[in-house]
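Here the structure comes first, spelled out in C-alpha cells, and everything after it is commentary.
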Amino acid sequence: MEGDHEVISAKRLESFSDGVMAVIITLMALELRPPTGVAWSEIEHRLPNLLVYVLSFTAVAIYWVNHHHLMRVVESISGAVMWANLTLLFWLSLVPFATQWVADAYRETAPAVAYGIVAVGAAVTYYVLVRTLLRANHHDRRLVRALGVDVKGLLSVVLYLVGIGLAFISPYLTYACAAAVSTMWIVPDRRLAGRRARGGAS
Amino acid sequence: MEGDHEVISAKRLESFSDGVMAVIITLMALELRPPTGVAWSEIEHRLPNLLVYVLSFTAVAIYWVNHHHLMRVVESISGAVMWANLTLLFWLSLVPFATQWVADAYRETAPAVAYGIVAVGAAVTYYVLVRTLLRANHHDRRLVRALGVDVKGLLSVVLYLVGIGLAFISPYLTYACAAAVSTMWIVPDRRLAGRRARGGAS
Amino acid sequence: MEGDHEVISAKRLESFSDGVMAVIITLMALELRPPTGVAWSEIEHRLPNLLVYVLSFTAVAIYWVNHHHLMRVVESISGAVMWANLTLLFWLSLVPFATQWVADAYRETAPAVAYGIVAVGAAVTYYVLVRTLLRANHHDRRLVRALGVDVKGLLSVVLYLVGIGLAFISPYLTYACAAAVSTMWIVPDRRLAGRRARGGAS
Amino acid sequence: MEGDHEVISAKRLESFSDGVMAVIITLMALELRPPTGVAWSEIEHRLPNLLVYVLSFTAVAIYWVNHHHLMRVVESISGAVMWANLTLLFWLSLVPFATQWVADAYRETAPAVAYGIVAVGAAVTYYVLVRTLLRANHHDRRLVRALGVDVKGLLSVVLYLVGIGLAFISPYLTYACAAAVSTMWIVPDRRLAGRRARGGAS
C-alpha cells in the first residue's frame, strides 16, 4: 500500500513515452516540405529527403517496439528509471532536428556526425534505461531473461560510433551504419515472430 | 503466461496508432496557412486547399475507424502484425506531405500522382495488416467474419491505382477517385450503424 | 457479447479525441511566433496575438471539459455518434488556422468572420453530437438529465452567429461574442463545482 | 453513484495533460532549426539554442513527474482542480514560444523576462493546482503528506521572480535561476528514488 504511491506507475510512463514518440514520428514527416515546383525532377531531388525520413522513422519505430517489450516485463519503476526514460525521450526528440539537417545537406560531414551523435545518445540512454530497470527489478527473472537481448544494445552503440568516425571518409557510410543497426533489430524480430506464430498455431 | 509477455499488447498498439493518427490529422490543419491578405478573394483562393484537407481528414478518419474495428476483434498480435501496423503509420504519416503538395499545386499531374501513391501505399499496407492479423488469429471466427469487409480494402487499392493513371488526363480525376473510396467506406458504415441502433432498441 | 464488438468503444473515442484536442491546443501556441526584434514594443505588438490565443485555448478547453462530461454518462456509441465526433474534431482542427489569421489581421472583417464560421461549425456539430448520443442512449435517464445543459449549446450557436453578423460593424464585437460564450460555460461550471465540493465535504 | 458522473475522472485529466506535455516537449525540439550552412561553426552558433532547449525540456519533464505524483495520491477532482490544471497547461503551452525567443536572442533582456514570466505563471498555477487539490481532498492524509513538498513549489516561484529581476543586470542570471529551480527538483528526487530502491530490495 505504502509503496504503491511512491513508485511511479509503469502505465503512465508508457503512455507518456508513446505520446512523445508518436509526435516525433509524425513531426519528422512534416519536415518533408513539398517540392516548390511541380516537375518530376523535383521529386528526384527530394528522394534523399524521403530516404533519411525512412531511416529515422524505422529507428524511432524500433525504439517504440523495444520500449514496449521492456515495459511489459517490468514491475517496479524507480525515480532513476523515470529519469533515464526522460533522457531517452530527450535524445529521441532531437531526431527530427538531425533528420532535417541531413535531408538538407546529406553530402556533408557535419550533419552526418550530428545524426550519429543523436543516434549514440539515444542508444546509450536506452542501454542505461535497461540497466536501471534491471537494478530496480533484480529479483525478477523474466526481466533478466529479456535483458539477454541487451548485447544488441551495446552493438548498436558501437556501430553508431563507428558510423560517426566513417563520416569523415564519407557521410554515406554513417547512414549505412544506421541502416545496419535498424536491420539488426528488425530481422530477428520477424524471425521470433514467426516462431511465436507457429507456437500459437500448435 | 509464457506467451503473455512475448505477444505484443493490442492495447498499446492501439493507443500508439491513435496518437500518430491524432497528430497527423491535426498537423494537416496546420498546413492550412492563413491568407496573407484579408480580402474575400483570398479565401476563395484557399478553397481548394480546404477541400483537399477535407479529403485527407476523411481518409485518415476512416483508417482510424477501421483500425479501431479491427483491433477490437483481435486477440493475439504477432511481430508481423506490429510491423505491418508501423508500415501503415509510415504511409499515413506521408499524408500531410502529399496533402500540402496538392494544396500548393492542385492542377498539376505530379502532386496528384504523389497523393495517389501515398493513398495506394496506405491501402495496400492496411490490406497486409488485415492478412497478418488473420494469420495470427486464424482460429478466431469473429475476426474471419470481420474480414468479410476486406473486399472493400481491395477495391480501395484498385480505385486509388485507377486514380493515379487518370492523373495524366486530369488531376481532378485522381481526387474524384479518392473521394469515391472515402464515400464507399462512410456510406455503408452509416447504414450498418442504423441497423445496429434498431437492434439495440429492440 | 455479439453487440460488444459491433458498437464502438467509448474509451477509444475519448482517448482519440483527447489526443486531437491536446495537439490542437499545443499547436496554436506554436503559432505564437517570437518577436523578430527584442524591444518591448515588440511584445505590445504581439499582445492581440496572445489574447486571441487565450480566447481559442479557452474555447477548446471548454470543449474538452464538456466532451469529457458527455462521454462519462454515455453507454453505447453508434456509428452516427462516431462520425458526429469526427466532424467535431474536424471543426476544432480548423481553430489554429482561424486563430492565426485573426492574430495576423485582427482589425479586418474577413478573419473575424472565418473565426466565427469555425466557432459555429464546432458548436453546431457539438449540438448534433449530443443529439446522436441521446438517440443511441434514449433509454438512459442519466444522459437525458445531462442534456438539460444543452440549452447552453443552442445559445452558443446563436451567439457565435450574432458574432459573425457583428463582424461587419466591428471585428472586436465578434471576439466579444466568442468571449461571452466561453464565460457562459466557465462561470456556472465553477459554481457547480463549489456546490459539489460542499456536498463532498458534508 | 450519483457523484460518480459529476466529479471529473482523474484518469482522463491525467491522460489529457500527458498528451499536452508530450506535444510541448516534442514541438520545442522542432524549433531547433538545422543550421543553414554545414560548417562546424554553425553548430557552435546553435549551441545556446540547444542549451535553452535542454533547460525547457527539463522544466517540462519535472512538471510531468510532479503532476504524475500529485495525481496518483488524489481521489476526487473538483471543477476548480480541472480549471487550475487547464491553466497550468496554458502556461506550459507558452514554453515553446518563450524558448524560441530566448534561442533567437539570448543576450537580450526582453526574451529573458518573457521566459521568466512564463516560468512564474506555470509555477504559480502549479501551486494553485496543489491548493485546489488539497481543498477537494482535505480529508485525505496521503495527499496532505505529499503536500509537504510544496515548500519547493513556493521556492520555485520566488527563484523565478528573482530571475526576472536579475534579467535587467544580465539575462544569463535569469537562465541560472531557472537552472537552479530544475536542479532543486531533480536532485532530491534521485535521492528519494535511491532510498525507495533500497526499501524495495529489503
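Chains here go by letter, A, B, C and D, matching the order in which they are written, and residues are numbered from 1 within each.
Here, a residue touches a chain if its C-beta (ideal position, glycine included) is under 8 Å from a C-beta of that chain, and two chains touch if they have at least 3 such contacts.
Fair warning: this is a prediction, and the values are worked out from it, not measured in the lab.
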Rotation angle superposing subunit C onto its copy subunit D by C-alpha atoms, nearest 5 degrees: 90
Farthest-lying chain, centroid of Cα atoms versus that of subunit A: C
Self-contact between copies subunit A and subunit B, residue sets same or different by half: different
CA centroid of subunit B to CA centroid of subunit C, Å: 26
Cα-centroid distance, subunit A relative to subunit C, in whole angstrom: 36
Multi-partner residues of subunit C (each touching 2 or more other chains): 15, 19, 22-23, 27, 30
Subunit C - residues contacting subunit D, complex: 14-15, 18-19, 21-23, 25-30, 32, 34-35, 38-40, 42-43, 54, 57, 61, 64-65, 68-69, 72-73, 142, 146, 186, 189-190, 192-194, 196-197, 199-201
Subunit B residues within the subunit A interface of the complex: 3, 5-9, 12, 15-16, 19-20, 22-24, 27, 30, 76, 78-80, 82-83, 86, 89-90, 93-94, 96-97, 100-101, 104-105, 108-111, 114, 135-136, 138
